[in-house]
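Reading through the structure tokens given below for one structure.
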Amino acid sequence: MKRIAVMTSGGDCPGMNAAIRSVVRTALSKGVEVFGIDQGYKGLIEGNMKKMDNRSVANIIQRGGTILRSARSMEFKTDAGQVKAVNNLAENCIEGLVVIGGDGSLTGAKILSERYGVKTVGIPGSIDNDLCCTDMSIGVDTALNTIVRAVDSINDTASSHDRTFLVEVMGRNCGYLALVSAIATGAEAVLIPEVKYDIEGIIGKIKERYEQGKTRSIIIIAEGVGSAADFGKVFGMIGGFDTRVTILGHLQRGGSPTVFDRILATRMGTAAVEALLDGKTEVMTALQKTKVELVPFKDIIGLKKPLDTKLLEIAEILSR
Amino acid sequence: MKRIAVMTSGGDCPGMNAAIRSVVRTALSKGVEVFGIDQGYKGLIEGNMKKMDNRSVANIIQRGGTILRSARSMEFKTDAGQVKAVNNLAENCIEGLVVIGGDGSLTGAKILSERYGVKTVGIPGSIDNDLCCTDMSIGVDTALNTIVRAVDSINDTASSHDRTFLVEVMGRNCGYLALVSAIATGAEAVLIPEVKYDIEGIIGKIKERYEQGKTRSIIIIAEGVGSAADFGKVFGMIGGFDTRVTILGHLQRGGSPTVFDRILATRMGTAAVEALLDGKTEVMTALQKTKVELVPFKDIIGLKKPLDTKLLEIAEILSR
Amino acid sequence: MKRIAVMTSGGDCPGMNAAIRSVVRTALSKGVEVFGIDQGYKGLIEGNMKKMDNRSVANIIQRGGTILRSARSMEFKTDAGQVKAVNNLAENCIEGLVVIGGDGSLTGAKILSERYGVKTVGIPGSIDNDLCCTDMSIGVDTALNTIVRAVDSINDTASSHDRTFLVEVMGRNCGYLALVSAIATGAEAVLIPEVKYDIEGIIGKIKERYEQGKTRSIIIIAEGVGSAADFGKVFGMIGGFDTRVTILGHLQRGGSPTVFDRILATRMGTAAVEALLDGKTEVMTALQKTKVELVPFKDIIGLKKPLDTKLLEIAEILSR
Amino acid sequence: MKRIAVMTSGGDCPGMNAAIRSVVRTALSKGVEVFGIDQGYKGLIEGNMKKMDNRSVANIIQRGGTILRSARSMEFKTDAGQVKAVNNLAENCIEGLVVIGGDGSLTGAKILSERYGVKTVGIPGSIDNDLCCTDMSIGVDTALNTIVRAVDSINDTASSHDRTFLVEVMGRNCGYLALVSAIATGAEAVLIPEVKYDIEGIIGKIKERYEQGKTRSIIIIAEGVGSAADFGKVFGMIGGFDTRVTILGHLQRGGSPTVFDRILATRMGTAAVEALLDGKTEVMTALQKTKVELVPFKDIIGLKKPLDTKLLEIAEILSR
């Protein structure tokens, strides 16, 4: 393999640049050329790509976002779009493709491999931590630290009695961010998609706290459960609490990546290049315990990552 | 004057602890005793106060919130409540009172002075920067930096085309936080209570940006104008943009105070004690240019701070 | 076991408070009383300890340092001191002891167990990450992120040609912090105690960079290798570079713990209590891959943790 | 005036990019073209400059350092160098020059004006805050906040008795950073170039603290007074304290600018362009109270900024 390409796709996350840098420098150190594709599948269809060297990725390891940018592409869902994409790879003599992104991004890679024989390796980038078979995806650790600093800050305020703070965090189908940040901040309650919520139970617990003289409560809500603004109204109306809502939104996607994310992205970038050179395809780099392993797309795409129920117990015991 | 008291009231803000520390240490250095009243007017009515020494305020200058806590007090609005408050001051031989807070807190102080002859001095603590006659209130600089770091973080993300981020910040009647943070982040638009908004104009401007190939826009909205969630729907439906909402909420009240807020709070604490010892009453410490001056309550309470229109022009020119 | 005690000892690190909180709340949830010992072995000898409840550990998970404080104790090295310590435990009916700290702290626990039959469990707290048998100690992740943010900040400056920045980080016998932060920041060189340094080689590499038009270089130095100030003089004199030195010092011990450290500390606190209740003694909680295991003191104390040589290779490839 | 140029020179500081952005966008909004000169006087001599548009300065307001880079230039000190510089301006039809930097940078601008008739306006960029006639220079507020966060972090650690932390900050001839950060952190002592130090007095004060049971002391030292490492040895040997040294170094020049620095830089950039269009030359934009004024170079260059002695008193009273 003489030339590969790398792209980022889907929602961006901190650490993508560190992964790009690692892919580029590892490939170059092995005598392989690297093209960077701008804006994911959209750029691939439009032939928007260029050769990268060591300097293309200098001074980016600490930057949020992705220098290769990301985009949606409706056109890639069509056969015509896919053919254009494959032709652009062929014209540029690109023999392997590294795709950094989430479930949708890997699905695109799978199509390229299955239908058109392109060699593809995925790197999990998704702050929700909803990708199967990998303990952590790139961006999760940074997002968690962003959330926790925000909740710490809200915790700082010396509030009036009976004030309840609701903080909405990312996580459509996956409560990982909400649950771990609840443990790490000592939040009084957490609502996640994996567990049926019990409004009456939470209200009871918070009332008890106020009766014990505690002056505030924090409830963390994964966006997949519902809108924090709506829950705020409910807790206000049923519980009689004075509620305040924070919605962190895309704040969670930004910021300079943590050390964990930089190192994980760096290791996965190296592993992805090595996998391609090894002839592997349709696999994703995955953190399993402390090792970076390769997992076939078929064990990941479209599947639901189970929740670590041990974390729920810890949240329960420690929030007293 | 042999003994004074200090309290924080209303919404808390970063820098209140620095002000308390300065009041206590300045008074002690002048041979005056200081009592700290817990939870503002509520604690004053309940007689919840205690003598403070140098160590009571050690290691608090860097902490958000207020060690004296804050609370609402409906009882203080009644004559009976006020009499209790005054009696508690008299019983403890407290001759002067420093109140740190916003418009409502100063109103309470004014009542104590006018009706009951208590000597009072106010220190402006309000992250909205809505208090008249002072260039800055304590907490504003910290809140601004918190907002700006959050918007920077959102700005980091390399988004899909036509994505519009709405960020709701504090400011019920006062657009200062929104306007200054819009300038400091280069936001594309800002909605503030002082200026009638023009949805069509903003949509036009943003569409133009997208046509020029820019990939995202940021709109900052002061909470007094309306809910960012509602505006998000409007921009989505009328402009056809893909919108994302962040509501910073109480995140803006928290965090360690900036150097500016620590120094301002320290200087105002010193000035407040000196004012009481000088026989002054019904005055607030105010930053006017670079000096801390004393301004009578009557020139502040209930009045609306005018907006610096020069800032609007700067925002317009620089957001291109 | 009806009553246990917890203490922190040696150099403090971020996450110690999270561990204390977890020990206290886990024990209470199992019906076991907990005493907190102030200032480590010194407080144990002086009988300086008190009963803790859920509220004693409220709102501390986010705080740097340790609420139980730490201290050196020469007296504990004597038989007389040890006897006093053991008597104080006995008088307070304390049946088990959790010690949070580094190698020296565990040595103290081992003495209490071996000579006096006290049940002891250790939790590794040491920002150097120099404790054997555990992948990570509490505080390491926070220290790494502090170092990396500092180096990022230095990297920001657009320096004159030939300027070389030397950053001294902690690590007396262990280059982990230096090596990982070098990878995570893309530093040009790193000096660690485990590897013989080659001044000429580094100077050659940096000169080459300058000839390629790069404007600055960063060298990270573990304190165990020598003083950054001295190395700065050497690089200046031999290489002819304009050098600038930063010594991070205790900055690395401070700050709010990261999510990783909070969760690790929380899990280890729970595991330590469960170990004591299970009758275990002379063991340390250890992170092995993703699990918290128990390891006998004898496999840890006084032994040297080997360096992961794979990290050295990564640093070499990626710093180009 | 149809075309101007802008450059940064000397030590860089946070906020330089915000100033560049403001110069470019203000000029363009008035129909004036702007060239950006790379690497200050060096680039000016080498003719290294290019036309800038609105997009050249997009997304830089939040970045530390300077996109135009900075450099030393020995050649500019010669007549030949200056003639080259002036010819390059003439060849590119550049009629006015904005120079962002410190005393040395303004001196260069003065030479261009006096000897060769180039119209020049300066913007004060210097984290030391050592430029006369302006209350604040760009970068000072950010540097102060960086220092204060670092000292807060050191303060976090729960140290053994008698431990003394020495923190060296920037300031060759000017103790402003050291003094203000000492006030903002409650440091026990501060050494600045403007005041003769009294080692015995400081040792006495710190001993007294330890006798009162306080567990640590922080001393902030401006680099102009001497090396913190050397002072550390002295305090250790004479006072018998266990000392720890932190040297912040270039960490203080980095980081994203605070809101204050962004707004100040933005206002000064606008004022500098307006001054050039107004026919002004050999003037610097200066913050005087809350206004940005123009001050002739002759009142600034080579002069020493006096210290605000009121700050010394505050430091003394509040560090008890």
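The first chain written gets the first letter, and so on, giving A, B, C and D; residue counts start at 1 in each chain.
As a convention for this text, contacts are C-beta pairs under 8 Å (C-beta built on N, C-alpha and C of every residue); 3 or more make two chains touch, one makes a residue touch a chain.
Please read these numbers as outputs of a predicted model, since none were measured by experiment.
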Q: Using the touch definition up top, find the fewest steps from chain B to chain C.
A: 2
(Q) Measuring between Cα centroids, what's the chain most distant from chain B? (A) C
Q. When the contact pairs of C-D are compared by residue number, which of B-D, A-B or A-C has over half in common?
A. A-B
(Q) Averaging over Cα atoms per chain, report the distance between chain A and chain C in Å. (A) 29
Q. How far is the middle of chain A from the middle of chain D, if each middle is the mean of its Cα atoms, in Å?
A. 39
**Q.** Centroid spacing, where centroids are CA-atom means, of chain A and chain B in whole angstrom
**A.** 35
Q. For chain D, what residues touch not just one other chain but two or more?
A. 152, 155
Q: All pairs of touching chains, please: list them by chain label.
A: A-B, A-C, B-D, C-D
Q: Over in the complex, which chain C residues touch chain D? Could you list them?
A: 8, 12, 14, 63-67, 69-72, 146, 150, 152-161, 165, 215, 227, 229, 244-251, 253-255
**Q.** List of chain C residues in touch with chain A within their complex
**A.** 21-22, 25-26, 28-29, 54, 58-59, 61-62, 135, 141, 144-145, 148-149, 152, 155, 180-181, 183-186, 214, 256, 258-260, 262-263, 266-267, 270, 289-290, 314, 317-318, 320
